[in-house]
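I am attaching a structure below and will ask some questions about it afterwards.
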């Protein structure tokens, strides 16, 4: 594993036609951190990740391992060691689990390797299969996986991609309690070698696994610190009270995982328009 | 194959996973289907099965008491608007001949094929008619492009094509009889007529294909030699229906007359625009070489009244032969259906072929060709004579004016049939053309 | 000067024709993302409707005015039928729709050939539409053709009517709702399938109206729709999908461009240049002139 | 991107080792196709029908490329006519120069042209090797330039389809306008010889057929390899979710570009071989209509499967001939109906029909149905 790298965001600003989704965020994620980003709907969490990964244009500065990311294209940012998942699990449904992982592992492959058939299972892929527990399903089409399994496959893809920073958007949404536990442990394990940032609404999950927490509100960082520090911050309580009737409940328990703001859908589009956009 | 248990009962999963095995099997299934296609194609080849498939010139099949001829016209696509009427006219002639005893005692059996307004398709269908249907002769084609596409097919197989449409000349295929006008029987007389009226300048408008471009080359050579000015030359893509700019350009040129070689659909749009621009037959007459009665009907005399056309035949051409032809055509296809020059030339071509065959006492193309010189027929356009050397026919040139009733009234004719001169060898000014 | 004004008017009038034939597409293609290659045949249906009506109604002017609503209904009904039989099965496969509707267009052309004969047919234009009005007198007068002014008026009316329908009526709101978020519209109690059909009816009906207008300037025949359909699609693509104002601006811009280029070069060259310019433009703005900038389109 | 559920879109086998270990079936299928093309067809068919089959096989070559670019990559290549035409004209230009003989102009230039010598851009095609290379490389080069612009600007789906059609139309209009140097609407016709062999001779026509059949099989093998390679898997991934691929560090534009360029190459080769088989290349083969017809064949057979696309192309071309011979006045009804039924109700193409039947039968009898295909 290559050396750990941290993320350093300064003055990040993203706006869409006059609406400012991220409004001057400063954020530092230490190398090897397991950072949770929380915040009410519309706080700008996903947009922040979009900006870091090059999906939306942004002003400011994002340094990863000392290198500026803004202005680079999506695939170059990915190659520099940053991987992400989406709210809706996005895997290649027509391909098998193995093929999904093999593609994720292969961005650096040469022309000749690409034009040959895949023989056997590459070692990193086998390891990732093991890590995310999908070895038995290696030859199943990804489209037939259960929801949670797709999320794991996505994480597995980031592992074989060998990224140094994982940006995970609600990785445990829709998972059972046991699955959440397993995913959390997996993330802890991963963060030993990589930096992990998780967007999450599930407060139980956050409390169990977060090493540090940033609270976003209205496009700004509201509070930052350990779980306990953040929970004690009166501003955080106020924000959550202002947005959900049962404020403490939202923070204190699993709470209803409300649908987040409309997402730049990298994944399965819900409506026809979405599907069209995918193709167009 | 399906020994794996999940292939049997797990619905969606098996649906997907079983997708793999059949895929490899599909290659075999594919080969089997390919064989089936081959077999089917073979079924289509029934008429050819008897003969040795490798002999060069497919001999026409004249063994029974019928003789097959091919009708090769576009029945679909953009050219169908014109070519369907030619097919109808050919059928009329064949019916008449059959009713009067056929050719050499044999009834003519027409085999119709659709050229689909697509030149390679014309070539394919021509080969099919010759090789599969063993036709004694083929009648049809309209555009020069379709004729150029089938020309090698007829030459290669030594089979005859009768081509019924006025064309750009500069061609003498030994296996094509040209029963429409060549340039010296239509364009040159039209220019002579304009000159005699004292028109000093002309504007050329045409569709972007071979006939207009070649015709305009000839027109420019003629104009240069006869002190006429060509003030402009515009081509619209075939099928183009937007003519406002061309109408503006024509109007701005203030030419004495317009020479129009537009084809088909474009004429409708052109004349509607022409009238909208305030141009009239009085202020700036248009001489058209592709507008016959059928086109007048679809454009409307509202837009065309007074404009000029150059042809060898009009529905109003006097004579008993024409009266009979028009009457028979309307009886068969409807009183509102007009007859036109290409239809007449097509009708005449069947009778000319009959006369040649009877003179040669054979359906053999070589003998028919040899017998062709001097064959005459009392055609609706007047008596026509075949020139055996060029395989064109002597035709009378006629200038007509379109009336408000949609009929074309003859205003001038060449007096006698003009000898065909496809390469314009008899005209000094045309020496540099080919 | 006269030439410039004349060509500008010509360009605008070409643009008006383009706009009319593209307007229906701005609903079916622009809003619903259906590539309907049979749209040209709906235009043809509108033109033949004019022809049929003229046979039964004497008076060219009256029959033309009657033809406008009738053609709208005929073409609209054809469109709704097509939507019901085929297109609704293909909503998630826009590219298959293109090929299927191409098959439909082949069949409709042949049907026209069998019903009305292969040759073109004619309609009479009323006298008040065949002339022109003189705008500038003098030795080199500038004239505007009445038929072109009529089409321009018709196009403007249709645009206004369509945009008012989309903006003000509940039908329009439902259409926009379905376009923007189908699932949400569905759970809000909107019958999306009915909205689809209605939108298709409107879009195809507009094609019928365009067909009536085309009888004034062009031929009426089985293949009349095929020649213009690609131009109409290009107008939508360049204008930006789902953007009425983009469609309007681009139709007129392409019209003027075509007429100016045509005047200074030839029709073929102008056509090729316009197509190349479109390709270049889409390099610059791949989503068209106006884009619906929402986050889901990023 | 749409997942074509009817056609199993996943390319590789149950396991790669299984696939690699049992290529026997693929070989058997390939051998059967070779037998059908090289033994069965020449025996069963007359010269005329064999000539038609040669023409169908040319459209099948285009379909091979379409299968890759569209079936696998999701690019609706509605402008294949352009590449077919480039290949066809490159070949025909050489053959016309060769027919005319050294120092002479091709016949149509003498008729319609004004120049007394070959235009400069004709001259390189006088060299047979240059011309042969150009039939493939020229379309590929054009596709590479176009594709790199289009894909980098992320023009996709409907836009790409309509843009392709516009380009096809523009190219056809341009060719028609240059009558003196391209033959205009007529195209290049009356081609007599093929690299010294007289095309009038039925034996040589047969040879042309064999060349075409061999090239088709070769192309199938090549593209099959591509589809089953890692690249092929990546291409499907790009089709299914381009954005996701980008986040894995690939540039999808390059992935698509390769498929587009390969498809252009196969279309060019098809156009080149169409010329000696049919004896003509004209703008009629380039515009919007032929471009759609190329795609439709592949779609009817099954775009995502090589066998489906190839057989579909052959089948649709054959159906066009057969129907128009049988019903010259009404065949377009049947053709339209065929497209509608096949595409609207069998999105995976006719090959998926075999799969459906097989599954039904398997479900009904719960017995192995091997060999039933």
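So that you can tell them apart, the chains are marked A, B, C and D in the order they are listed, and the count of residues begins at 1 in each.
Operating definition for what follows: contacts are C-beta pairs under 8 Å (C-beta built on N, C-alpha and C of every residue); 3 or more make two chains touch, one makes a residue touch a chain.
Predicted model only: the values in this text are computed from it and were never measured.
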| item | value |
| --- | --- |
| Required minimum of steps from chain A to chain D, each step between chains that touch | 1 |
| Chain located farthest away, centre of chain A as origin (C-alpha) | B |
| Of B-D and C-D, pair with higher C-beta contact tally | B-D |
| Distance from chain D to chain B - Cα centre to Cα centre, in angstrom | 31 |
| CA centroid of chain A to CA centroid of chain B, Å | 69 |
| Centre distance in Å when chain A and chain C are each reduced to the mean of their C-alpha atoms | 46 |
| Contacts with two or more other chains, residues of chain D listed in rising order | 2, 9-10, 12, 14, 19, 157-159, 173, 176-177, 332 |
| Multi-chain contact residues (two or more partners), chain C | 33, 92, 94-95, 109-110, 241, 266, 268, 271 |
| Residue list for chain A, restricted to those that touch at least two other chains | 55, 139, 141, 143, 275-276, 279-280 |
| Interface residues, chain B side, partner chain D - complex | 1-3, 7-9, 15-35, 37-42, 44-45, 48-49, 53-54, 56, 75-76, 112-114, 116, 118-120, 123-125, 127-128, 131-132, 143-145, 148-149, 151-153, 156, 170, 208-210, 213-214, 235, 237-238, 434 |
| Touching residues on chain C, where the partner in the complex is chain B | 3, 6-7, 10, 13-14, 17, 109-110, 113, 117-125, 130-132, 140, 143, 145-148, 216-224, 227-228, 258-259, 262-263, 266-268, 271 |
| Complex contact set, residues of chain A against chain D | 53, 55, 73-75, 78-79, 83-84, 86, 90-96, 99-100, 102-104, 106-109, 113-120, 139, 141, 143, 157, 161, 266-267, 275-276, 278-280 |
| Chain D - residues contacting chain A, complex | 1-3, 9-10, 12, 14-17, 19-20, 74, 156-159, 225-226, 228-231, 233-234, 236-237, 239-252 |
| Footprint of chain C on chain B - complex, ascending | 75-78, 80-85, 208, 234-237, 239-242, 244-246, 248-249, 252, 264-265, 267-269, 272-273, 275-278, 294-295, 297-300, 302-303 |
